[in-house]
Each structure stands twice: as C-alpha cells, then as structure tokens.
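In the two complexes below, chain A is the common chain; its partner is chain B in one and chain C in the other.
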Partner chain A sequence: MADKPKVVDKPDVLQRPDILKPQAPAPLVTFPVEVVVPEGRQQTPAVGQRASRADGRLHGLGQTKYIDDMYFPNMLFAKIKRAGIASALIKSIDTKEAEAMPGVIAVITGRDIPCNSFGPSLKDQPVLADTRVFHAGDGVAAVAAVSEQIATEALEKIKVVYEPLTPVLDPLESLKLETPGIHAPSANIYGHKIIKKGDVEKAFAESDHIFEGSFRTQMVEHVPLEPYACIAQWDANGRVTIYSTLGRITLGRADVGRTLGIPMSRVRIVATVVGGNFGGKNEIRAEPALALLSKKTGRPVKCVYTRVEEFTSSTTRHPLIMDYKTGVTKQGKILGRKIRLVLDGGAYCSWSETTLGKACILSAGPYNIENLHAEAFVVYTNKTMTGAMRGFGAPQVCFAYESHMDEIAHTLGIDPLEIRLLNAFDEGSLSPTSQKLHSVVVKESLLRAAKLFGWNGLGDAGKGNGA
Partner chain B sequence: MKRRGRGMACMWYPIGFTVAANPSAAVVKINEDGTATLLTGTVETGQGSLTILAQIVAQELGIATDDVHVVSADTDSTPMDTGAIASRTTYVTGNAAKMAAEKAKLTLFEVAAPLLGVKPTQLEAQDHKIFVKGFPQRNMHIGDVANHARVVSGQPPIGSASFNPETLALDPETGQGKPFGTYVYATQIAEVDVDDETGEVEVVRIVASHDCGTAINPMLVEGQVEGGVAMGIGFALEEEMLFDANGRHINPNLTNYIMPTSLDTPDIEVDIVDSYDPTGPFGAKGVGEPTLVPTAAAIANAIYDAVGVRIMSLPATAEKVFKALQAKREQQPKQIGAGVPQNGGANGKPAVQ
Partner chain C sequence: MENVTLKLNGETRSASVPPETTLLRLLRDQFNLTGAKLGCDVGDCGACTVIVDGKPVNSCLMLVGQVDGREILTIEGLATADHLHPLQKLFEHFGSLQCGFCGPGVIMSAKALLDENPDPSTQEIRDALGGNLCRCTGYTKMIEAIKGASCILRGEEVPAGKSA
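Right after this comes the complex of A and B.
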C-alpha cells in the first residue's frame, strides 16, 4: 500500500493570506538606482584615477605615527646648545656643571664627533661647532637627559667662551674679494656658473629698446608642520638604527657612516612618514650627535627641534640679488639678455650648488633668446644656512624675469599675454644651454590660463591709474 | 580705496638634478593572489608620492592601486633612491618602478604563455587578467597565473630595475649641454585687491595651468598646485626671515614670521595642461616644485596692474606697497585743472627697492 500523500495543513495556510495572494513581481529596476562605484583606488586602469592615498585614512583618524609619537624603553631626550652669536672663535667649552646635574646622563661636544664635517657637495658643515662658529644657529654641545626639561636646563649650565669676530651679513659685501673669507683661507665665493650663447653686446646694439631692472628676494623658511625629529638607538653589536625626518635616506646613511667613522652596513636609517619637507629635510642634522649620545649611554635618544631651532638651525631659501638687462625690438621680440645673480649662501654650502645651477639655467625664462649671458655667484655669509627649498632658485628668478617682462610689455604697450606668446618656447626650441626641448606646452598653458581666467588685455593701472 | 589688478607669470622647470646622477632603484614582487609589493627607497613627505608609485606599478601589471602595497624609506630593506627632492619622484622613481614591474610581469607572461598556447610576447595584462593580444576572451586571472608561477613553475615573479635621467655635462666656459632629462611648463594668473590707503594686498583668485605630462593622479596634482600657490602667496606678500646687525635671527617664531593661513588662501582654479612625455612613466613628468614658482611673479604683476607701483623686492608687505604708493604720489606734479594728470604707466613710475 502506497503511502498516503501528506495532507496539506490547510488551516495554517489559510491563516497566512499572503501566501495565497498572488505576489506582485519585483520591479526590474528600483529607483533611485544604487550602483556601487568602486573607489579610484580599486579601479583599473590605475593611471589617471583620482585614487585616494593609502595614508589618508590614518592621517584623518590621527593614527599616523610621527617620530615624536614613538617611545622606546629607557629613552633619553636630547637638547642642543646653540651659539647665539653669528661669528666667533670658540675658546673653551665647559660641560662639567651640566654633567653633574641629576638626570643628565651624557654631554658631548664637537670634539667627540670622529669626523666633524658633512654636506651634500662641500663638506663644510660641522655636526657641532668645535673651533669656530659660522652662524648663530650653530650647535656647540648636545645633552642627553631623562627628560626634555632637564636637558633644556642643562644647556644653561654649559659655559662657552667665545672670541667674537665681525660677521659678514651682506652678500654683496661678501662677494668682494677683499672681504675676509668666512671659511678661511679661500674667498667667500664658493660657487660660480656661467651660460653664454650668441653675442649679447651685438644684440643690445641692434635692439630698439634696452630695459634694466634689479630685483631682490628674501630669506624664507620651509616651516613644515613637523619639525626635525630623530631617534637614535646604538645596539650592543655596534649597529645604529636611526629614525629620522629625512627625505633622502641614502645620502643620510652615507653622511652618518662618514661622520661616525663606521661602515654603512652598521647604519640603518628609517624615515617614518614625514610631516612636510619642501627641501628642508634633505640632509642630516643632529643624527651623528644623537648616535654618539646613544652609544655613550646605551639608551635610545630622541631629539625634536623647537620651532625656533627649525628657523635658526635648519636650511632656508636663498635670498637673491638679480640684475637684468634686456634688449628688445619695437614689436617686443627679445634679442639679447644679460643677467647677474648673487645668491646669499648663508654659513654653509648645503644645496647651494644645485640652487646656483638651476637659478642660472632658468633665469632667462621660458623664452627663445639667442643672445644670452647669465652669470651667477653664491657667497658665504654668517647667516642661517640656505639650501634646498621647493624651486631651487626658480621662484626667485621667475619673480625677476616675469616682472621684467611686464615692464617691457607695459612700456611698449603690448598685452602681457601677447609678448609672452611672441617669445615663448615651442616644441624643439633650444634652451639657454642649447638643449633641444621636447613636450613643450608653455604657450598652451598661457592660452589655457588666459581663457579660464577671462584675460582681456591690460588692466586698470596698465591703461591709466588703477581707477 | 581698493583697486583690483590682474597679473600673469609663466615658467619652466626641470625634473631631476642638474647633470649629476640621481638614480632610483625599485623592486616589485607579485604575490600568489596577483597583488603586489613595491620596495622603494624614496620617502613619503606628505605629497602623495607613494600613491603615485603604486598607481604606476598597478598600471604596468594591470591591477588596481589598492592591490599594490608600498614599502618605503628603510636603508636596510629598500633599494637605493636619491630621494624626495628636485620634483623627481614621479619621473625617476616612477620609471624605475615601472621597469621593475615590467620585469616581474614578464615572468608571469612566461608562465602564462604555455597555458594559453601562445608566446609570451603575445600577452598583455589588464583589468586583473593576462590575455592574448587581440583575443581578450583567451585570458587567465592574474592571481591564477601568479599562483601557478609559485606552486607549479617555481618562478616567483620579482623584478628589479633602476633609472637615471639622461644628461650631458655642461661646458664650464659656456654652460652649454643637456643638464636635465625633461622640463615642465606652467602659467598662473593672479587677481588682487590693493588698498591704496594702507598698501595691503589681498589675493582674490589664482588660475593655475600646469603641465605635468600625464597626470597619474589628477587629485594629487591639484593638491600639489593648491599647496604650492599657498606657499607662493607667503613668499610674495608676507614671509621674511629678519636679522639684526649682529646676524641674529629676530623673528624665529610664527608670531612674527607671518605665513598665509587658510583665510588668506584665495579661490585656486587648477587646470592640467594636456601633455605627454615619451621619456616619463606613462608620459608623466612631475609637478611638486613648479607649483609655487610663478605665484609671486603673478602677484607682483597684479599689484602693478592695480595701483601702478612696481615691486622690485619681495615680500610685497603692506608697508612696502604703502611706501611705494607714497613715493609715487610725491613724484606726481599736483596739477589742478591742467588736463588729465599723467599717472602711472611706464614713465616716471617709482621703483621699490
């Protein structure tokens, strides 16, 4: 006998009228349509995407670990004694009283540094000044203590005897050969660059108008949000690990190895996420001093610059003195240009040679100038050292060549846009160094900016008087 | 009374070091699931360069930016890099990363070729797949190929490469030569309001048209331009380190060293100029430094346009502009009823030193 088919439990079904009722079919599309668009980071092709940054979330949540957020067991805090005098001989440094302070673990001076000089091109910068102070921000001693406060107090107990020297502060004064050399015995000019093309004097003779102008720019600081910070840890194997706000770890390792007199294989440099660079973190600062303090104490040592130190004891932007002379036709075509640049190089070379080169090459502007004579000098002064900073001399010379260009345009009654289009580089133009240029879009950028801005010729003052 | 003026400035700027070698090396490892790791010795200093490098590697491997993890800035574990300097990361490190990724990709192609029945040269990587050129339906997922490479072929895909821009030394006498691999170009136009009673300058608007070759990430290009313009405004109008007669810096703090805040930052309209550089990774050049180069010049020209005084030295502080306006007024003859006074223009305008 076959099994009876199972009787459907009718009453239950009847109690659920929704089952009996025909269901309305689900709509094919619901509005508004929700399409999940993957983030730029998740899309292919990757190039051209507005991909968000992997570190953005951590920054946004305040979870990024900068060096000042890092702590190691038994870590000490270092502070550096600054000279506070622009030019002097160091007669003596007495650290005894500081060393005797409770909480002070170690003090070092320039004499403790095995090779007390470094620099990206000229090795003219001491880690800690030992015999001579070249600018007021020079460090003369470093203290490691159990707290930042004790280290700061200990700086006051260090007695330094100076023999003051007359500082050289004006770059034009420094340029004169009779001015005593800051880094004796040589003269203060430590870099020179020249670019010559065609015959400038002939071009001036053929010009309808000659324009001259002398421009100056000031010294500015990078002012990164995160000041210089570093932790050094010397281990029992004689290997040192350095966490530092460095934009160039390869060069940093070479400088640390050299100043400490140890092989590079015993130096490890880790740059954590750096909170702003702009060129101010491209060479070592206190790394060798901290490494030695760590070696001496057997404990990790941290140092974070104050904002004052960031101004006085890190690199800055070169002030420039820029003399321009330009010969043009009535139509505004540049026939010849002569330029002299004097860079205030501050107390040490740092990245001055790069700045000198770029400033000199770029100084004529993005223009076809067949007759050019550009000469640039960089000189020492007893001021905060100047070095790499976003633009390497280009913002300074651009201020000069573009102000000069507008002078010419206004005098000749030519629209500033027109005179630039008349002289600007094209694809295949030869640069001041006769390099054939490719992917040149200076005219496109001029026209696009003018269109976007709504440029319509001269403004109020150009036509009359700003009215 | 506030006077409005407009000024433009254009510029050119090189990528990389002046003649001197500035190489970058990179290592790319492809994981068994088709994601990848890039090792680079460059440093993220806030500009987003590691994201750009991840995008370049992802593009070469046909995967997404999120699939590339970047390990950076440790001398023990990452290869040599000249560093975050000279607007060189996208161009130089980017080229090295692209070449390293290509080498790792070729291993994947060697592994995939027999599986797809073609030669390695007939393969392409795109959209997480390795496929036969012209026959995209004949494909394998990149993760399957990468896993096969490790588990079956025993060829873990890894590539390393280095790049150094091609330069030619400059003649010491004439300075002639090829100092840089490539250059970028830009124009900025500033609109300013100058108060002719106080000399105060307010930047109202900046239009910035920048060339960076291919924009690997337009959002990060915009970020660089906006930051550069803000920095350029500080250079143009406010920032200056001042020294006393003994050479001591007298304003080493943010109370007396004035910088632009967000309230001083005007509307910045960023425009990316179409451009492609065959020597850069996917046509890219760079954008970091050039963004502030023309700002101060454009502002100085706009000040002249507004009130007819030529700023010859930066920064154009209110005091300096005020003094220049005063000098200009003193120079003008007081003519009453003697026709239109000859104001401003190129003749007889005072210069500020």
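Right after this comes the complex of A and C.
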C-alpha cells in the first residue's frame, strides 16, 4: 500500500518573501544547471498560499512573444483597403496599378474568397466586401508587400468605383418596417426577444405611480493595447497554419475552413498570449484573406491592424436605446415594469444574439417584479460592427434600470438604498425567465457597501418633490 | 538610407535604414528587441516607451536620425543575466500586469522616474505613468510595485501593505 502523502504544516504567519527586503538575492541563472526537484509525494496546502502569475516574470522582462513579435523568414506584410463609405454598391475594383508596384507581391479582393461569408451565428459578414459595402470599415481589397510601408502605399493605387446608397445610421429608423433592408432580402430587425410575466397592464392600473424613463448608451470600442495581428502560412501538404490574436480558435478554424472551402483538418490556428481581448477578438477578421495572400505568394504573410482600424473595422459594444415604464406603490414597491430595448446591431450580426438575450433577460434588474413585459430588438445599421464586449448587454441595461430606480426614489422622496432593499432579489427569487436564483446576496452587499462608505440615509437633502 | 550608431543597452550598435524609420521599428525589426510594443504608432498609448539619454520617450515618435550617437535603454537592458531589476521583481510579486502588453512601457517610465526621483509620492508615480495606457489592470498594483521598488533601491524594506 502506498504511503500517505506528507502534509506540510501551514505556517501561522506567511513568511515575507526575501525580495521585499533589501538583501542581495540569489542569482537567477546558475551554471551548471541547478533545478530544485520537490520531494516525492509531498502535499502542501494551496489555500491561503500566495500564487504568482505564470506569465508575470516574462512580462516584466519583455520576453512575452505576442503575435506581432513573431517573424518568419521571407515574411510579407499585408494591409487592407477600407471602404470609407457607409453604404454603397461596388461597381468595380481595379488593382492593376497596385499589383505593378515594385515590392507588391499579391493583391486580392472579395471575388477571390471561395465562400465570402462567415459569422458566429448569422453568416452575414464578408471577408472582403465584394458587391456591397455595409459600413465604412469594410475591407475591399488586401495587399501583400515586402514592407508595411509599400503595402500601405499600394492601397492608394487600388481604384474602387462605388455607387453610394443612402446609409441607415439611426437604429430607430432601421426598426421601421418601411426602411429598405440593409442586408436585403433579410429584414433589418434580425433578432427579437420577448419576456412576458404576469399582467403588466393590470399592474399599471393598480399602481399608485407610473414612471417612464428613456436611456441611451453609446458605442464603445475595446481598445486592447495590442492591435489585431495575424500571420498565415501554408505547408507543402496543403495545410494552413494561422497565428492569430483570435480568442475563439475553434470557431475560427470552422470559419476559415468555410470561407476557404477547405476541410477544417487542413486548418491549424495557433493562439498565444494576447494583449487584451475583452470580447473584441472573439471572431476572425482577416485570417482567410491572409491565408489566400499566403497561398498566392508562397510566403508567410503578416497583418497588424492600425489603431484606427481597431476603431473602424473591429467589433464594438452595442449602443442601446432603452425605454422603461414602471408602476410602483407609494412605498416604492414595483408592481409592474414594461421595457423596450433597441440594440444598434451595426453592419453584421456577430455576437448580437447573445447580447440581445442577455440584455433582455437582465433588463428588469435584480428586482422581484411579478408583472413584466420586456421586448428587445436588434437592428442592422450601416455603422461599425457591434459584437461581444465584457457583459454582452448587461452593462447597458444596468445603467438604465439603476438610473430609473434613482429617479423613482428621488421623485417619491424615498432613500435610494431603501427602495432597492424593498425590491431586490432574495434567496430563491425567480429571475425574469423564472429561473430560481441561489447564492443571492444583493441585500447583504448593498447594506455592507452602504456601511463601508458611510451612507446615513437621505436626510433633508434628499427629499424629492413628491408626485 | 540613414546610417545610425547608438549605444543600445550598453552595447554599441549600428544600422542602415530608410530615414523615415522610427526608433520603435529600429528596435523591433532591426535589433529584434520586441519588448517595446506598437500600440498606436502616434504617441498616445506609451506601449513603445524606452529611455533615451535618461529620458522616457515614445519611440514611435522618434526618427532614427534623432537617436544617432545617443544612449538607449530598453526593457531588455534592465535585467542582468543574474538578477532581475527590483521593478521587474516586484511587478511579478504584486501581480501588476495582466495581459502584459503595456508592461515594458510602464516599467521603463517607472525606471526613468526612479532614476530621477528615488522617493516618489503616489501622485508623482501617477504623473510619471500618465503617458502609459493600460486597459487591463487599473494601475493600482503597478503603483504599489513602483513604490516598493523605490524602497528596495534606497536600501529599505518594503512596508507591509495590501498586496505585500
């Protein structure tokens, strides 16, 4: 029978590491190589021990290799020409002059993409726009050259003839059924969710007060410090290896296989330490275009987005238009709430469906509301793509329902803390979609926070004008 | 082509590059020192911060002609084969970096600060990092680590704090 592992006693006081004292530390590098091998079958209690990030030392040394830090022999540099027009038909693209430039090795357009559509759910996004431009950040051509500078200059030599169309920029315009479809024949409303609970009109009729509020949030860009970077190269067996800042590499593999018309088994995606993602690197961007440029040139091709492209041509946080109507008793207890959300879904679907779902479910707030009607729409506009960003719709509605709550409290002259304690979830409360909630500590957290920052109630200062 | 000779991390180095080459590109593409990062290329984010003649600069805004004959220190020149710089040790210990992309720039700004001001206040550290953007961390542990490094460099023990 094996010996039981020895348990090392947990020290009463954690030893301060020597590096916090100004003494000469042991050298890092020892020669010949000395490696400390722990004694076999020794178990140390992990809970309570200080843990160090595995990448901390490499980061501090500047040794962490991000995608743009990788260089391959014979590598080319790619740049993408951006449409610069919100909505248009592409009449023609002339790349001859760019192709003839010294140092330019290959140019491709949307026509070269075997299957020019992809997306995490709706496959509405082209790799490079071929017949239509859906937003100003659309790529219309890609150039591979011996230097980034030559590639950038070559973009100016690509002649694109556009037939401008009237862009739809206001999501409320796009919501109207008579507005022409941006992705015709698909409708502009490309996602819809509705949650109904109880009888909201009856609740309003029984309420002492009805409050209405309208809230908007703006488009937000993730701005990871590391711009998107990608390197593609093929091997002689017809397999493409793509190094990318992409987060969801399995999804990326499916999208690359689909757009290039090759089996996924021929696609290898290598991700490494990423310089910030926050949801903005959740789907492919130029991977298929780079793969094609690499195939055409027979050389590795790298593309790094400029900071401007990060703003114009990557996904952003959905702006939301949020209309709230809440019926309360004079004590501030919510009897019913009606919500309409309109999500500006940008040029392509991306992760809008997840955002729509989360925003709709969470739009009521962490409050017990028996009578609820929450309806949410996501619509196309000819603006920057909206996709995943930390929260997927939760931060936007949080701004709305908490501002709304504060307005209600203020008008009724009720302490904003008290009104929340009156309505907030408890252990076992039901969510808007009737999920029974556990580990609920909303009220405890509110009270603790209030105590920590010294909230003593409204006093005379906070009395509202009543209603 | 522009011929430049400079002292880079203690060594004399030369290069022959187009005159429009920035110091950032020189470091990354010519000398394979990829610690300095390209975050914006227009001097807004500070990810390219290196030290030129003792001063922290955005290397994306300096042309190679401007560094001819100068002394450059990059993140790669901070540690020796034997020892990490106290800034690097404490950034690791406090967990000051998450994705790490802004790290080299922040550490070089901090190094330049401590070379000039061995006992900076928290506000002085904040001001020194004013040109370095970080999207992950919120800066708090960086400031603690820089404060701690200033103690070590003065020969004092790092006082107990939230993260120590």
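By definition in this document, the second predicted complex is superposed on the first by the 410 of 467 C-alpha atoms of A that agree within 3 Å, B and C clash if a C-alpha of one lies under 4 Å from a C-alpha of the other, contacts with A are read in each partner's own complex, and residues count from 1 in each chain.
Rule of thumb we're sticking to: contacts are C-beta pairs under 8 Å (C-beta built on N, C-alpha and C of every residue); 3 or more make two chains touch, one makes a residue touch a chain.
The structure displayed is predicted, hence computed values, not measured ones.
Enquirer: Just chain B (first), just chain C (second), both, or neither: which does A:R285 touch?
Expert: Neither: A:R285 stays clear of chain B and chain C.
Enquirer: In the overlaid three-chain picture, which partner chain does A:V304 touch, first (chain B) or second (chain C), both, or neither?
Expert: In the superposition, A:V304 contacts chain C only.
Enquirer: Now for A:T64: first (chain B), second (chain C), both, or neither, which partner does it touch?
Expert: second
Enquirer: Of the two partner chains, chain B (first) and chain C (second), which one does A:V223 touch, if any: first, second, both, or neither?
Expert: both
Enquirer: More chain A residues touched by chain B or by chain C?
Expert: More residues of chain A are touched by B.
Enquirer: Just chain B (first), just chain C (second), both, or neither: which does A:D406 touch?
Expert: first
Enquirer: Figure out whether A:R53 sits in contact with chain B (first) or chain C (second), or with both, or with neither.
Expert: Both: A:R53 reaches chain B and chain C.
Enquirer: Taking the superposition on A as described, I'd like to know which of chain B and chain C A:G275 touches: first, second, both or neither.
Expert: A:G275: touches chain B and chain C.
Enquirer: Using the superposition on chain A as set up above, list the residues of chain A that contact both chain B and chain C.
Expert: Shared contact residues on chain A: 52-53, 55, 223, 273-276, 278, 307.
Enquirer: For a test of understanding, state which residues of chain C touch chain A in their complex under the given definition.
Expert: 18, 20, 28, 32-42, 44-45, 47, 74-76, 78-79, 81-84, 86-93, 95-104, 107, 133-136, 148, 151-152, 154-158, 160, 164
Enquirer: Could you list, by residue number, the parts of chain A that touch chain C in their complex?
Expert: 16-17, 19-22, 25, 27-29, 52-53, 55-66, 68-69, 71, 149, 222-227, 273-276, 278, 304, 306-307
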